[in-house]
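Labels for the chains are A, B, C and D, by order of writing; each one numbers its residues from 1.
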């Protein structure tokens, strides 16, 4: 057995989390550096995975299989296809930035005395309350679980991590909320716990339905191993009754639709993203939610192709609603972070659209979209977080003329916004256009409706930029400091990546294409042929 | 005696009429005893009725050839356990009669319902069973009942037996732990107590003595205050707790008044005219008011 | 030689990158770097031009394939550039005028502390515009298309501290986005129809598909063109775009970007040729905008807005010409180029006037400036003559050709379009003369300006930069470009027009066919000139003879409507903005109460239920005992039943 | 006589005891009722042993007694300490489990 690379990629951050949590209370900075180093090491491992992965090769590579619960045929079965690698890279890439961006988010603030012993912050050094260690440990924990759910090819294994990642997320949202709150500390705390509980319950509900479906799948298929089931279905050994398949599909899809918020199951996201600190919000929308869309692509389409086709019309309509609805609500928001949240809902609509139109452009687009949306939202949200942390308010109305006092901040914010409205030349455009083309090729009407999304996106982004960055400088912003080195170190690489992937996405598409080919063959769909074979 | 004769003919497959008679008589008594145990208002009575039932049961044991258990039943249960019960009852208050009024809504009806239903079920179950006659214990008791039991107890059930030993030890230890109170600090001397009382200033003088009268003088009778009202303080706390204070002040006052009357008639004096008199009658007045 | 194309684009791109990321340390030299790189790309363009001239007319198409942009299953988008006569023309126009305006801006933006950034944006615009015209497929063109949109957004909103500027920028971008929607849908249609969207295969295999599809594609392209080129109904942004610095208005909103729509139509000529209905729509749009813009231009007192109206109208000419098909393509481009010269010149002139007048834009506060800023006066005047089509100047040739082609369309359409163009020419003459007179002739109204008076609240007080302005000529760095452009506006037309040099140069790309108007070309020319003279005369009667009131008179209904862009904005505001606001607000409410309400309602329901269940836990051991006992009873019953059955 | 009668009797006593447990508040009486139930069981056990002619039933009854004794000891101790703390022997007063 060769070196278990995939397991290592996941175990490293998990161990790092334990180590970080064990750092003594006084050595806060040490914990931060430890977390950063671990996340960087994980990035290196992920890069190794990406290098070792041959796009032309087998569907699942670097596979590892160990018996775990033989009684139920549950196996520790890992393997990545191109999509998995892409998202693995995304996760491993974003975590260091999240850690770096949240550098001071978990420092005990003088305004909020620690929950354990109400005392002055200087006591924190010697009391047992160690928020910083916990914060970074939780982030690393989430990373480990997300990575595992991207790697697991055993349905049960996937389910476990799909659910388990909720716990650290719950604490991240509920325990380390955004201190910028108009209602003061108290209101912030209540809002935060409300958001956290809502997040947890909402996702748990979806997860439980999925658990039922997972068990049902085992009953129906007699195995948890995704490749085996897919192979069996392809070869026709495994016959699944139409209704069984549809029920199981619904069970899976519901959970994923909650995770990757699909209208009307989206309402937890704005609360969670609004109350959490910006880095955690990025963690939610850019990393954790991707598991949902990823799972739709891998499990819903892979395990239940027929049911997926059966459900396609409904899913497409919901996706369209999400696109337009999310964008419209984003326009209507008064809170920067909630605005970004609704924008993300709109974008997830695009991703799901691309997955379910069942064209290779759509699916490659959806996969690229997951990555690009992760990066662009990270850029926008983190800059927004920096801005909010300076002013101490999330209300758009409290800003104005920032561009004059902090041009670099405003500039990066604008780039993030332009990426969000998927301006050509930035990464999101590639994916969004692919999704649109893929949708249009099969369902022209859907494509056209979705295209309205790009106008609305421009609307909410530019309105946000205009209200916050332009116009006369608000007096209380006159002394606003521009981006610091640490913050620049967070944003600059992201922006560079956005531009690079916007101009030269080939490395990514090379990863994704074969995987998409496999998925297309799973669902036995072919791209619609062009009307006329163009004269070459 | 009938029981003995009944048991002597145990070898027979069916039971003698004698035993039947005995069963019906004693069974009724047992049931009545049980019912009384449940429905008597005073714990003491319940205990006594239970003891009665147990004795009856002991007889049944004997009648069924369980001589050893029959004796044990009488000695241990009726002799030891019930006595223990009585002790506790004394401790908590013999005469304390708790009302049978139900406080939890619907509890009583539910209880009765469950009881009847359960009884019916058991009856039904037993009714299903087809048991018409006894095997008889002649064979088993051939070497004597106690020997038979001992053989089983120290053979087949020896481990259970040992464990029960452990159980008993544990139980006694537990009882001690529960009831024993470790005195943590030195007991206060009388001086200290007095000082404390003064410092608290709640009731500085010594408590009044219980009432001592011509006809009653007992610790459970409250002494009368100058205005004739009984003083709770004069009765010991325990009795107070149990609400076992007898109040004779009214009778006492009635007697006094009668005395006054008689003396007044004898001296041709109008008792109603008010005039300053040494304390007594004014006390009476106030006492009467106190009565109303 | 095609390897020069990439550097041609890279130069300004590099400039943008350097200037925008360079930070403060480049503030000193920023504008020089920007200008140098712009000029560099112009030089490269010139070299390429020479190279093209060196080749035969037929193989003047260079293609540089850089790399595959989006390689996805059944979807090939390459980063490839295509240089042919059409794009060459644009390259020269863009880089040439661009360089001039860079130079001009050095002077114009001298006192702006964010000059470096300004030049960065200008370079960004150049790069994007070059990508737009050099792209070899529609997707790359889309990239350039949005790129120029971004640059225009940044430059319109350059003075972001002015809310009006920020709003105008946002508006421009949004309206353009609507157009971009059209472009992207068109690209999708091409993809589904042809399986590709590179120029050659798409335009090559037009014949193989139905007219319906082609019409759809063509109309979508037209929508895009309307957005970019400020044609009705998407024209509303151009007027506000004048919030940007004047060089921006000259470069982007007069000479180059706004003509991208025309480029798109001409470039996709094959598709339009095959879709006559679409062509008709194009001509109609052109005609409407032509008149619309002209009318707006007549009513505006803001010199830049008046020029913006004129730009709209002139582009209307081009679009109309482009809608005429092969007769018109080359002509449209020709007018585009000449217009690029004289309109840029006019804007620069306007900028120079504002520069000398404390950034005053209200023409009613100008007057008699000719002796204070002679160079500006002369260059502006030449531009003026050019645009009204004074015989011999460039505008004359190009516009005359368009009018001829319009008539040559033939039939009723021909007559209608012809007359429209003629009328347009007249109005053009009118409003341009008006601008001219109000600015450079008449008494010097700026000497004694009224303070803001209650009877005319819409007049903002003159003293926004303090005191009576001291009109003066602008520095050399500003005047030189104006002079160069004046030369262009004088001679370009003759140079292109005589012997149809220009159309023949474009012929291989746009397939020129000479139109034959029902009446002789001379008659048309004569008519044009007379109409022009009439327009000038009317303008002189109204603004030359009589003194111009400083406070705008109430004016006729049409005038008032025209001042407000013929109520277009009011329509937008009422229908789109208000409606949108209501929609979003109600949606937010719905989301909070309905969608979220269901969720929270479920939670509350569960909570209520459990608090009811909680009552059972009353803490009395006896009631627990009852339930235990009852449970036992049930169990016994169950077992008995089991035994029974 | 039908030996089942013993069982009926036992059942009756048991039910009475159980009902008593449910309706009485005085902890001591409750305890007595429990004893009553135990005795009922013993009775039936002994009847069984006689029916089947072996002594196991009696052994079980014996154990029951032992256990009962132990239980009584502990239980009464609990009652006493309860009374000490609460000055009442009512089971309803020990209602701290209530939410």
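The rule is simple: contacts are C-beta pairs under 8 Å (C-beta built on N, C-alpha and C of every residue); 3 or more make two chains touch, one makes a residue touch a chain.
Everything numeric in this text was worked out from a predicted model, so none of it was measured.
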Chain at the geometric heart of the assembly (C-alpha centres):
A
Rounded to the nearest Å, the gap separating the Cα centres of chain C and chain D is 97
Report, in whole Å, the distance between the mean C-alpha point of chain A and the mean C-alpha point of chain C.
37
From the C-alpha centre of chain B to that of chain C, how far is it in Å?
104
Let me have the rounded angstrom distance from the C-alpha centre of chain A over to the C-alpha centre of chain B, please.
73
Can you tell me which residues of chain B touch two or more of the remaining chains?
104, 107, 110-111, 114, 118, 122
Overlap residues in chain D, where contacts from two or more other chains coincide:
18, 22-23, 25, 92
Chain-chain contacts, ordered by label, are A-C, B-C, B-D, C-D
Counting only contacts in the complex, chain A reaches chain C at residues 198, 201-202, 263-264, 266-268, 325, 328-329, 331-333, 360-361, 364-365, 401, 403-404, 407, 411, 418, 423-425, 429-430, 433-434, 436-437, 440-441, 444, 447-448, 451-452, 454-455, 458-459, 462-463, 466, 469-473, 503-506, 509-510, 512-513, 516-517, 520, 527-536
Complex interface listing, chain D residues touching chain B:
1-9, 11-20, 22-26, 28-29, 31-33, 35-36, 39, 42-43, 46-47, 49-56, 58-59, 61-63, 65-74, 76-81, 83, 87, 89-90, 92
Give every residue of chain D touching chain C within the complex, in rising order.
18, 21-23, 25, 91-92, 94-99
Residue set of chain C touching chain D in the complex reads 614, 617-622, 625-626, 629
Chain C residues within the chain A interface of the complex
20, 67-75, 79, 117, 139, 142-143, 145-147, 150, 153, 157, 160-163, 165-167, 169-170, 173-174, 177-178, 180-181, 184-185, 187-189, 191-196, 201-202, 204-205, 208-209, 213, 580, 583-585, 587-588, 591, 595-596, 598-599, 603
